[in-house]
Structures are given as C-alpha cells and as structure tokens.
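Letters A, B, C and D mark the chains as written, and numbering starts fresh at 1 in each.
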Amino acid sequence: MPKLKDLIEELVTANRILANEGIVDSFGHVSVRHPDRKDRYLLSRARAPERIEASDIMEFNLDGEPVDVRKAKRFAPYTERFIHGAVYELRPDVQSVVHNHSPSTIPFGVTGNTLKPLLHICASIGHEVPLWDSHDRFGDTALLVNSMAMGRDLAKRLGKGRSALMRGHGAVVAGNSIRHAVFVSYYLELNAKLQMQSMAMGRIKYLYPGEVDAVVARTGPYTLNRAWENWCRRAGRKTKEVG
Amino acid sequence: MPKLKDLIEELVTANRILANEGIVDSFGHVSVRHPDRKDRYLLSRARAPERIEASDIMEFNLDGEPVDVRKAKRFAPYTERFIHGAVYELRPDVQSVVHNHSPSTIPFGVTGNTLKPLLHICASIGHEVPLWDSHDRFGDTALLVNSMAMGRDLAKRLGKGRSALMRGHGAVVAGNSIRHAVFVSYYLELNAKLQMQSMAMGRIKYLYPGEVDAVVARTGPYTLNRAWENWCRRAGRKTKEVG
Amino acid sequence: MPKLKDLIEELVTANRILANEGIVDSFGHVSVRHPDRKDRYLLSRARAPERIEASDIMEFNLDGEPVDVRKAKRFAPYTERFIHGAVYELRPDVQSVVHNHSPSTIPFGVTGNTLKPLLHICASIGHEVPLWDSHDRFGDTALLVNSMAMGRDLAKRLGKGRSALMRGHGAVVAGNSIRHAVFVSYYLELNAKLQMQSMAMGRIKYLYPGEVDAVVARTGPYTLNRAWENWCRRAGRKTKEVG
Amino acid sequence: MPKLKDLIEELVTANRILANEGIVDSFGHVSVRHPDRKDRYLLSRARAPERIEASDIMEFNLDGEPVDVRKAKRFAPYTERFIHGAVYELRPDVQSVVHNHSPSTIPFGVTGNTLKPLLHICASIGHEVPLWDSHDRFGDTALLVNSMAMGRDLAKRLGKGRSALMRGHGAVVAGNSIRHAVFVSYYLELNAKLQMQSMAMGRIKYLYPGEVDAVVARTGPYTLNRAWENWCRRAGRKTKEVG
C-alpha cells in the first residue's frame, strides 16, 4: 500500500513544518484520517513534533485505542489523542486535525477577544473562531483533553468550522487534507499576531463576510502547494506529491 | 543577450532576498521591466519566492499575457500578475515592481492609520503611503488583483508614489530598478514596525517633508548597493553587478 | 562515579539549551545539587552558558566556597553563585537552580505587575511569582547577589515556590531536577511574554487555582523528557538518560 | 606593529558581532582610536558591517580625511565618519565609537520619551540618554552627519555620557575600548526594547542613581570579556586577546 506509506511521510513532514514555523513547540500534534478505514486515524507516539520519524506513527480507532497493541506497549501515545478522534467522529468531511499551543492565539483565549480574519490569506480560519473553555463543563482539570467526553465537547464547539480556541491551552484546526490543516494552522497564528497588533492601533476593518467566502472558495491545491513546497524547503524535507 | 541573462539572475536574487528578509512569505512576487521591450516585463511562474530559479522566469506583455505560450502551458503564472503590468503601463519611470504581504504593513491597512516615514532610511517609501481598498470598487472578492481593471485601479491609487497599501492584503512597491524596489520594500516593513511601536508610546515626530526630499535625492547606487551586497550574503547569493 | 559524570554532562546540556532558547544570554547560570553530598552543588566557572564545557564545571559548598582550590585559582567563579547555595540551604527539596535575565520577565519586575500562569503548561511557575527587590534591604548596590546575606534574603522571598523575580535584574527558578528547572525557566519566559500581550488586550482569565494544582500534579518525566529531547536536538546536544 | 594588526582584527570582529546581534543592519559603523596616534582613528570603508574584512579598514585623521590617499581613491569612505572624529576630538577618554540604527531606540527618538536604564546590565548606557535632533541647528537635511560641524554638535549633545539618540536616525555610543562600545550598544538596544514593553504595562521603577553608579564602577574585563567571548562564537569569530 504505497498510498499509506506516502501519507505517513506527508504526516511526518507536517510535524516538521509545524515545528519549524513555530506553530507547535515541544508539544502539539497533527493527525490524518486513515485513507482506507474512515474509523481510524494516524498520529505519532508522544514525541516533540520536530523529532518525529515515520516509525513513530501509530494507528488509532476513533475512541483513541491503538490498533497495534504491541507497538503501544513500547510507545506511549499522546494523552490528548481524543481531540483527533472526536473531530473525525463528528465531522466526516475532515481528513486532518492539528492541535497546537500556537503562541499568538493564547491571548485571545484568555481575554475572550474574538479572533476574526483580517488578511485575505487568513480567511481559511473561518468567519470567526469559537472559544472552548474546558472549565465550563469539566471544572478544575489539568486542561488536557484526556477523554472522549472532553474531546466531543470540544468538537461540538468547533462545530462546522475550521478552527477553535481552547482557553489557557491552545487551538484545534480541522482540514480537508494534511496540507490544508497545516495551512490553516499557520495562518491562524499569523492572523492572531496581526489582529493583536491592529487592536492596539484602532478599530479594525475585518474581511467582509462575502470576502471570506470568496477566498475560501478558491483556496485549493494551487495555493496550498505553493506554501507547502516553501515550508518543506525550510524544514529540510522533500516535497512528496500526495492526493 | 548577456544583459537579459544577468537581469534574470538579479531578479532571482531579489526573490531570495525578499524571502530571506521576511518581506514575502510563500506568496508575493517581484518583477522587472524588460530591458529591450518597454511593453513587457519579467516575472516568475507561480512559486514561493524562496524557491525560484532562473528557469522559472517568464515574459509577459503589459496585459499579463505570457509571451512564450508553450512555457505557459507547463507553468501556471501568478494570478495577480496584473499588478505589475498595470503599474508599468501607468508609470513609464518604473522599472521594477514588488507585491508583498509584509507583516507590519497589514495593521495599517486594516485600521486606516497612515504610514509615514519616521526614520531617514525609510524616506524612500514616500511622504505618506496611500491605502487602496479593493472593496470600494469591486465589492466582495477574494481580494486578489486578477484583472487589468483591478490592477489599473490599484496603480491609480499608487499614483506617482513609491508604495501603496492594500487593505486586508498587503502592499505594492514601485522602484526605478530591482535593487531600488527591494530596498523600498524592506524599509517599508521596518518603518511600519517602528511606527506601530512609536504610536503606542506617544506623539510621533515624523521626518520633515524637506528631510524626506533630501533623503530621496541622495539615495543612489552608493546606498542601494551597500544593502544589496549585505542581503545577497545573507541569502547565499553572489552579488552581480547590473545596471 | 559515572553518575556524577553524566550529571555534569546534563548540566552542560542545560546551559546550552537555556542559551539556545534565549532564556540566558551572555550571563545567567544553572546549577545542580551534588548527588552524593547534599551540602555541595555543581556550577560552571564564570562563562557565557553557550560556551560551557564539562571541564568548566566546579564544585562549591553551600556558602559558595570552591572545593577544588587549585581549579579556583585558574577559573574565576560567578559572582552570584550565592543565589544557588542559599536556595539549596533553605530548600532541601530543590535539586537544581537557574538564575537568568529572561527578557520578558524584566517588565514585570520593574512595573510590579504580578506574573501569574495563564497557559496550562506554564502552571509550573507556581500560583503567582513573588518579586524581590534588593534595594529594600541592601540599598544602592550593583544589584548582584554577591553574598550569602543577599542570597538568603532572595531565597526567603522565593519561599516554597518554584520561581521569583528580581527587580531590575532577572529571575531565579528552583526545580526538583535539572530538566525541571530548565522547563520552569522556559515556560516562565513564555508566560511573561503572553501575559504582557494579553494585558494589552483586556482582562485576563488566569488558570484557576485548582487547574494550577492539577497541572503541577501531573508534570513528570513524560512531560519533561518530551521537551528536553526537543531542546537537545535544537541545541545540537545528545539526550542523556539521567535520573 | 602586531598590536595594530590585532586591533584591526578586533574591529572587524566588532562589526560582525554588531551585525549578527541585530544592532547594525546594512548601515551603521564602529571605529577605534589609533593606538599610537591619538589624532587618528580606524574605520572601515563604506560597506555593510557583516561583510567587512581587515583589508577594508582605513585610517582617518580626526577631521575625517583618509591618511592613505591611494586607498581612498579605490574605496569610498562612510559619509558619516565625522561622527567618530568629532567624538574623539571632544572626548580624550573615548577609544571606540559606534553609530547604529538599532531598531528599538528609534521609537524613543521620534516620540521624545527618555531612555533610562531599568536593567542592571544596561546601566552602562548612562543615567539617561540625551536626544539630538539635527533639525534644530541644521534644518532640512538628509539627517546624515556629513560634516565636522554636525559631528561636533552631536558630540556636544553626547557630552560626558556613553550614548545619545539621534531623532529619526539612530544612536551614537562612546566606549573606552572596542569591547566596551559594543557592550553598551548591545544593552542600549535591549534596554530600549524592555522599556518600551514596560511603558505599556505601568509606571516603571528605573534603576536608582546609586545603583547605576555601582554597576558602572564594576563593569570591567570580567564582564565585558564574558559577553565578547559569547558574541564571537555566535558570529563565527575567534576571540582575540587585546588590551
């Protein structure tokens, strides 16, 4: 199954890109839905994204149970893998999920200011980014999404969108491919940074709703691949043609 | 025609410098007017500036039609090439055009604060930088300048100046050489960053109009080449002597 | 004593990581309590952290006197080594101490705003970070902690916590291992940066006290080693398994 | 004269360090007084600091005239070399001068906020940093210090201090050695950055005047060499032992 092998390489590249561009640090993760089994996804064992190799990738069912039990004995999985399964469960259209602690998004989560696209290329984050607070339903926790119950609550807040913030924690992004999820994650961080700076300068003219829709409608391989090729080069990865 | 070959190398170097200095990311582009045909310009195929090679450079007429039809079948051109043609059409004095999404300029475009030079070396951006909003005449679009009509509207807003901002999108810079356009682009970003910081601290004493004129009058090869040589080194490019 | 040799390598790595991640610059230092002699600690001679080698590490008693007098004649010790001894003296639980001038913490020290965790992974800094002002008891000095009297006054302000700020100077961090002290130092800087940005945007919802406790309770090797492995890679150091 | 040769290498290293640490960009320069001729100084030909080699260093008398007329025919000198001569003329104690456009200092110059030390290691910039505005006496110019008259006016504003800001332009730093001038330049930038951030957070407790004096009194080779060694490593330069 060459397709699966290529997809795993693509997933490794996604990890390296997100680390290299400062979207994830030692934590954060990216997954892809299994191409042949819609009820499974691929995700690295618990490891910093910058270090991940193809051999680190594990297969999980949507409830977060590892398919290969022997591998799971050697390799600890991410505590928060439930984020991924819960999004895939609720959203059949989603093929790739990113969870990160992207720095500029944090101030929005803790102050409650709404993140909204102000730059054309950031329209992919959605008309506005909903905020999920784990404390509302789960009270005093370590804020980690360590159960399907928490994962589903977060996925519900994400709804039909592309991204959601998590108070005091980070963000989740849902894409229709690995490249798309990485693209949205990257521009979510950029929009947050620019919006923070703009807020200090005056009233912001965000993108018009119709503009957001127009940008989203035309964001396809032509756009995604240009950025991907560039990020691959910076991260020292070859560009694989997938999908 | 050795001159053309050297100019293409210079254009490749300009792309690499703009990427390396953070003025363009995966998008954005720089062109040069054809040295022998005033009604044509040279611009890369659609590709991230950091990746561009001499073989990616294409020739266009001012309406944005590729001269080499066979090459155009293999290589997709930039959607927004019309920015370049429209500026060359309106401004016979302009020899090089940059379009970018330079990060610090974005907050000015979306808040409507006027960008004005406050540092001597930034005087090249002009007395003040006009703002163009595609929505005024074209309504809900993906904000991309994908027709001569849009390009001409933008060029008109640029007028006789060196730079103009595009709301929710980026900036356009018009230089009298590749090195000049790169120089203005670099210092437009720096001025925006410093002005943003200064605005938070109090009332700004911008350059006096007479100072702006005095700086512009003496900005020639002595100044441009010093920066260019430095940026080439950082971007791992040799310095070619052109023009 | 292979354990000691490994610990010294770990200490060198800690210095390189702190420098590479921008937590220390040319100054700042990190120590570890001697594994066999609770009344001694290991600390480099006076040198920029980015340059430190295993041969630079010296052994001190808690009063800051070098154990190897001959080595001390060749190598000048850090003026501020008293910070380390005073913390080890007051806090038997502490195994590693970092002193730094971490940039984002400085504005908190000089404005008196209280640093508090707002991001889950930053909970390790403690419920809130106390501020020590050397001027209160020692008046006009060069602000350097160059005596046990100053060191003890600072350690008292740190109390049972994990971190304390020093007005106009920097911070001190107390960990239960080298990896823990580096981890807390890194996330103290991040929290300061994010809190500074958030303060400009509105009222902050800090972590709930119960959340801070929950995060601290589960921050063990699983978490620390993931970050450590990543930072080692970035700093060009091998990951040694210690403790 | 091995001493002169070593000093020239030290001056080249100073240029590379200032460029590598972001204190100068393509412009800005650093000089040293001639060790045997108090009425002369050494300064590179007009070139970006990151590119400078030993063969670029020229000798000037205090009025800015090149001593080696043949070399001066091949190599254009810096337009603003008069800054250096004017400071050496007024200040027999000064052995090295830096002129830069250090980014965080610019907002202070254009808003008129007074830069004052708030971090112990920044005390070397002086109790407060005076601001010189070329427009006061010279009106509309390109802001360049291109005559002894302008240089002397600036030097007068610097007075007995270590640093002065130039409105809309940059800063000048006067040290008692190359390493000292580089050190003050580096920490002038850091203090400006931290003061800018602190101003946004509340009222600042600057260093007490007695603290500034105490720090300055103890800033000698022990401190300067530690930073220098570190910066050399980062800039890929060997540490030469000089003075």
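Here is the rule we use: a contact is a pair of C-beta atoms (placed from the backbone, for glycine too) under 8 Å apart; a residue touches a chain by one contact, two chains touch by 3 or more.
Computed from a prediction, not measured in an experiment: that's the story for all the values here.
Student: Which chain lies the greatest distance away from chain A when centres are computed from Cα atoms alone?
Tutor: Between chain A and the rest, the longest centre separation is with D.
Student: For copies chain B and chain D, work out whether under half or over half of the interface numbers are shared, and give different or same accordingly.
Tutor: different
Student: Fit chain A to chain B on CA atoms, both being copies of the same sequence, and give the resulting rotation angle in degrees, nearest 5.
Tutor: Copies differ by a rotation of 90 degrees.
Student: Using the average of all C-alpha atoms in each chain as its centre, how far is it in Å between chain A and chain C?
Tutor: Averaging C-alpha atoms per chain gives centres 33 Å apart.
Student: If you average the CA atoms of chain B and of chain C, how many Å lie between those two points?
Tutor: Measuring from centre to centre gives 46 Å for this pair.
Student: Tell me, which residues of chain C touch at least two other chains?
Tutor: 200
Student: Would you identify the shape of the chain contact graph, picking one of line, ring, star, complete or other?
Tutor: Graph shape, chains as nodes and touching pairs as edges: a ring.
Student: Could you please write down every pair of chains that are in touch?
Tutor: Between chains, contact exists in these pairs: A-B, A-C, B-D, C-D.
Student: If you look only at chain C, which of its residues touch chain D in the complex?
Tutor: By the definition above, chain C touches chain D via 25-27, 46-48, 50-51, 76, 101, 103-104, 106-108, 110-113, 135, 139-144, 167-169, 196, 199-200.
Student: Which part of chain B faces chain D closely enough to touch in the complex?
Tutor: Contacts found on chain B: 118-121, 190, 193-194, 197-198, 200-211, 213-215, 217-218, 222, 226-227, 229-231, 233-234.
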